[in-house]
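Next up, some structures in structure tokens.
Each of the two complexes below includes chain A, the first together with chain B, the second together with chain C.
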Partner chain A sequence: MSTTTPPRERPRQTAGRAAPAKTPAGNGRRGQRWLAWIFLAPTILGMGLFTLIPIVASVILAFFRWDIISAPTFVGFDNFSEVVQDPTVRVSFLNTIIFVVVAVVLQLGIALALAVMVQEKMPDWLRVFFRSAFFFPLILSAASVSIFMRYLFNEQFGVVNWFLSLVGIPAVPWLTTPGGSATVVILVYVWQNFGFSFLLFIGGLASIPVETYEAASIDGATGWRKHLHVTLPLLSPTTLVASVMAIISALQVFDQPYVLTRGGPGDSTRTAVMVIFESAFQRLEFGQASAIGVLLTLIIMAITAAQFRLSKRFVFYQ
Partner chain B sequence: MTGAFNGPLREFSRRTALGALGAGIIGATVASWPRLSGTDIPGRGDNSLSIAIMGTAADAAARQRAIDAFTRLHPEIRVKVQAIQAVDWKDFFTKILTMVAAGTPPDVVYVATEGAQLFAEKLAHPLDEYVRRDASDMVEFFNDVHPSLVEAFMYKGSLYQLPLDWNAANMYYNTTAFAQAGLERPADDWTHIDFRNSLAAMRKARTADFTPYYWTNRLFGGVVPWLYANDTSFLKETRSTGGDWLWDSFYANDPSRSLRSGGYQWLEPNADDDRVFESFDYLRGLVKDGLGVRPEEGGGSSLVGLFASNRIGTTPAGGYWVQGLHEAGMGGNNFDVQFFPRWKTQRHQFGTAGYAIMKTAKDKDAAWEWIKFSSSREAMELIFPSPITTPARRSMVNEQLYAGKGPAHWKTFYETLDRFPTTGPIPAPPQQAAVETALMKNVSLTVSGDESQLKQALASMQRDLELALRRQS
Partner chain C sequence: MTTTTDHGLAGHSPRLSQGLPETSRSRKKFTWNFALRILLLLIAAALVLGPVLWTLSTSLRSPSESFKLPPSFIPWNPDFTSYGEVFQQLNVFLLVLNSALVTGLIAVGQMVTAAMAGYAFAHLKFRGRGALFSIVLATMMVPVQVTIVPVFMLIRGMGLSDTLLALILPAIPTAFGTFLMRQYFMGLPAELAEAASIDGASPWRTFRSVYAPLAVPGMAIVGILAFNFHWNEFFRPLILTISEQNFTLPLGLVSLQGNLGTGSISVVLAGVVLSMIPARVVFMFGQRALQDGLTAGTGK
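Our next item is the complex of A and B:
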């Protein structure tokens, strides 16, 4: 450093921060900042009012006994210990996990298979048709779909059993046996939700460069091997996103089992969110419902964290 | 042409667009403020008597004639009816409780047996003082109403509601299906064996697309009538002391006076009772032999259509079904009703409903005036002009109500109470929601497997009921 170079004067600071220069450009930025806050305000307000405050309230409520009518009483960890010991809650969590595993595997498997099929071997007009058709169930109300499905799967008068009877299969007690009802709940859920994963996979497939397939072909890869060694690895980021979203959604399943089977027969289709609803709005045990909600949230967070941690091994970015 | 459009469009700046958007948002907010703030809810923000009923806006409108008649009598009391849509009574009570939590409870609520003790325990104001005060006015009502219905609204010695309508679980049968099977009208004292034989005959006559016995999985009309007929229940039934003030005043000369109490109590589970097992085993046999459908989860919304299209032979239901069958195209001779089959007893199950005054009601005296008026013959005829239910007043269950609609033996409805005075209400303690869940979730399992599964399901029901009753006791 030359000795003739004058020492650089440090800018004056006010309370440890550089004073902003009062320039027309600075005023513009400030104006833009205000505009940004104005646009963000509804979302921040909504998030605060309808997400953050309920979350905090729910965590607090988990330590109280409250039936809406009487004043809440502090019970410490009693709600958590009661919930953990409650066989119905335990079964519902087990059901939820089984449901998540089966439904998510089916949902992603079907979505991926159909996405590959539609993306590869379809004329454009048919591709557009299938994209719309597969996405269509997602925009329907889960409750109305479930009511409709109840009629379809009715053992005595349902259309499904009528079709089965045409090929000599006796009436299946779809909604009145544990196995049958669980099957129907999963089928209806997967039918209604695979369209979302399907669209994600379509997007993912479109982003895979054609050159990669051409290179694989030159290396002698045939159709199935191409998918195994090119499509699946390059689709892994999409698969990660699709699986995270599918798992979170499946962990919160409520409408289909509630309307189709009311959790029965027995507890065979009772899910964690159903138990939260029943505790809070049918039995008026808001503290216990909150405790179950907190546990479910912790499980969702743990699973999601595990997915992202595992993804480091299995997800490949181009 | 294009230029004409482009000119003004170019002048439509971003600032103008944002301004228009802002003005639009403010305008929409102002316009919808009554909805956003809830001030459009009937009775909110003024001193009207706010009355909540389960139903649609059309149901609320149907009460308007009664409101008009009431207003003529009491011009000083403004009444507003709020119809709350709900899947079932449990759902309706949840919505009322939510209104309570929100600090906007109605003053008066139409409550069925399912919620009577929940309201009596936590929300409702007893009617005792009013009934005593206006005893001379009330004599005529109690003379016309069976004491079993009144007793269903007694709780720990106090009266909380006046029964306005009710329904017993009688047995409806399809006369066409009976005729095809060569069956006559069953005897009044037919037994559960006779009933099973009738189902078998119908099954033999029609092998396909037909269910001899259709039943649903719920507190009313599901398994409970069979338990009552077998002189048991899934909850131990006891009675409170007290209530003599009412029975001695209004039913002193009633032949069933000695049976009356301060109200029903269901304090302990009873699913491990041998007769409960026996009753479930009977139903399991019907299902196994293809005579009865497995009970559908939830209600029986499809039932009217199936019955009206001759695909169901028998089903338990109350007088509320007559109008529905009529509207579904059934003639008065196409169906009929008989008492529920006898087993150890021929005790029936019933449910009733009436208005309850909320503890938080702004003006309880006005609320009582509405209840008293609603129990009058004039008001009940305005509210129940057709057989959508069974009126609590015996004098209203008459030829005129069922004319052109049937059934031929409509007298069965009210005679159920007269012939079987021990006939009891739906077992609904204050923890009804938890109890109903415990019952419903195990019923399907009891009837869809073998005997060991039945025992397991009843053990599970016993455990769930214990938990349900203990939790909120």
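Our next item is the complex of A and C:
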């Protein structure tokens, strides 16, 4: 240790104590470096093999036509131009964007409102009950949620329409019309996922010091104004994290539309990921599937970058 | 329900408003807000729990009664025939065994590798640490769907197609888990390592005897998150498994629904309930840890 790093104060400090134990050969910088690489090996190798190489392969594959059976042929940008002109792909990207906007706004809005309401004064057992209730859907699988939601939204014998009939609303054809299916997919997705943002907001709210609210109420802020001028600005870092995570996960939506509607009726609930799945594993067009994947990744990267840029203006750190 | 909450409020509001000048007015307003707030929260909770209660209750109806309206939310006289039917239609034991094997091995693998990598990033000095960590973080942004085609081919090339290993191996390296464990280790004081090294402990010994035991709660969070996510995973198993003997629970359920069409809801729902139970048990034991884990690193 003392030979590799010449510390100036260190010897004086230790001088009074017992002489530092003889360091084994493995200790110090060298030993740390060795251990670091051994510790990192599984993660780095695994990520290289199953994430980094596949990303590169995906980009390369996007320039080839390949059905696994015959040899791949280089086609340049053909896959991209075909994919961009394919009406199904276009509709599915548009669907995905609409889905992301509506679902994320709903998810964050509901989560924030509920988090603020739960965080204010109430008996502890009630708070625990609400937190657990809102968290609950997160531990269910999207597939099983979609299975029972399909029955709940059934036009003839579904519970949702039964409740609506109580207030005199005629049966809604939820899963057989484009608008209805899109609505159900969004509702089911938000139902299952708002709890995640809710938890993030609870964590964020807990980190706002009580004194800030005391100061605000001394200045005469009450109720809504307090939340508008204190909670929202101080919560903005959490909101950034929550929105980035919500958007990234919403862009990848697959399980719910696949089980609920299989993308239909028509293409009304077909999403970007579903089109990747179909073109690769149903039509064996691996090149095109990769091209769609590359486009989706570019969109995700652009949105994330834009969010962080915007956040410089709207996020306040204490 | 509202009476008890009002009561609870009346219990502490006088104490709360003691020091305030305008006692009666602020208390009245506070009560009204409180009631409205609780009402809204109760409605939200009912909307969240209602579908789950309905699922549980309907699975306990006899198959012939499963269509009947009005819906039941409380199983007054439970009938377990649907559960028997699930076991006839699906090889439930095999599905559970597959899911448990896949999920368990992924969880343990993630806990071990994430702890090691997280420790290296937090407390060990080596060249390129910052850059490497950024790369690890960046992989969090790449959706599985984008890499699935090459991964599928890689799995084929390794001769692992249609095996459970195909589901397990790619899921073990975890960017999120590594990030979480790094945060966790950074929260442990570096002085411990200094003390250990003064006592002559090697870096490995320092990790094994000092830091690893302290990191067990963090590792539990990684494990529970991994369990929850992969127990429920649908997309990768759909693509990477072909034969029914390698299906995991979510796939089995969707195939059960396909087999039965809309024939008897209660049987499908019984399957859904069966698949919820293990996740629910893990959740019960890990709720606190899971909630802390999900909110870790987001405050401030």
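Note that the second predicted complex is superposed on the first by the 288 of 318 C-alpha atoms of A that agree within 3 Å, B and C clash if a C-alpha of one lies under 4 Å from a C-alpha of the other, contacts with A are read in each partner's own complex, and residues count from 1 in each chain.
The rule is simple: contacts are C-beta pairs under 8 Å (C-beta built on N, C-alpha and C of every residue); 3 or more make two chains touch, one makes a residue touch a chain.
For clarity, every value in this text was computed on a predicted model and none was experimentally measured.
Engineer: For A:E155, select first, second, both or neither according to whether it touches chain B, chain C, the two together, or no partner.
Structural biologist: first
Engineer: Touch test for A:S217: chain B only (first), chain C only (second), both, or neither?
Structural biologist: It touches nothing on chain B or chain C.
Engineer: With both complexes superposed on chain A, which partner does A:P123 reach: first (chain B), second (chain C), both or neither?
Structural biologist: Second partner only.
Engineer: For A:L49, is the partner it touches chain B (first), chain C (second), both, or none of the two (neither)?
Structural biologist: Only chain C is touched by A:L49; chain B is not.
Engineer: Mind working out whether A:D67 is in touch with chain B, chain C, both or neither, as first, second, both or neither?
Structural biologist: Touch partner of A:D67: chain B, not chain C.
Engineer: Tell me which partner A:P265 touches in the superposition: chain B (first), chain C (second), both or neither.
Structural biologist: So A:P265 only meets chain B here.
Engineer: Which of the two, chain B or chain C, is in touch with more residues of chain A?
Structural biologist: Touching more residues of chain A than the other partner does is C.
Engineer: Scan A:L284 for contacts with chain B and chain C and give back first, second, both or neither.
Structural biologist: first
Engineer: For A:L40, is the partner it touches chain B (first), chain C (second), both, or none of the two (neither)?
Structural biologist: In the superposition, A:L40 touches chain C alone.
Engineer: Residue overlap on chain A between the chain B contact set and the chain C contact set?
Structural biologist: Shared contact residues on chain A (touching chain B in one complex, chain C in the other): 68, 151, 154, 157, 281.
Engineer: Would you pull the chain C residues touching chain A in the complex into a rising list?
Structural biologist: Against chain A, the touching part of chain C is residues 5, 8, 12, 16, 33-34, 37-38, 40-41, 44-45, 47-49, 51-52, 54-55, 58, 67, 69-71, 112-114, 116-117, 119-120, 124-127, 129, 132, 135-136, 139, 141-154, 169-170, 172-175, 178, 197-204, 207, 228, 231-235, 238-239, 249-251, 253-254, 257, 262, 265, 268-269, 272, 275-276, 279-280, 283, 287, 291, 294-296, 298-300.
Engineer: Contact residues on chain A for chain C in the complex?
Structural biologist: Checking each residue of chain A against chain C gives 1, 20-24, 26-27, 29, 31-40, 42-47, 49-55, 57-58, 61, 68, 110, 114, 117-118, 120-123, 126, 129-144, 147-152, 154, 157, 159, 162, 191, 196, 199-200, 202-204, 206-207, 223, 237-238, 241-242, 248, 251-252, 254-255, 258-259, 273, 276-277, 280-281, 286, 289-290, 293-294, 296-297, 300-301, 304, 317-318.
Engineer: Which of the residues in chain A come into contact with chain B in the complex?
Structural biologist: Per the stated touch rule, the residues are 67-70, 86-88, 151, 154-157, 173, 175-178, 260-267, 270, 278, 281-285.
Engineer: Using the touch definition from the top, list the residues of chain B that touch chain A in their complex.
Structural biologist: Where chain B meets chain A, its residues are 90, 94, 97-98, 100-101, 122-123, 209, 211, 217, 293-298, 302, 306, 311, 431, 433-434, 437, 440-442, 444-445, 448, 457, 460, 463-464, 467-468, 471-472.
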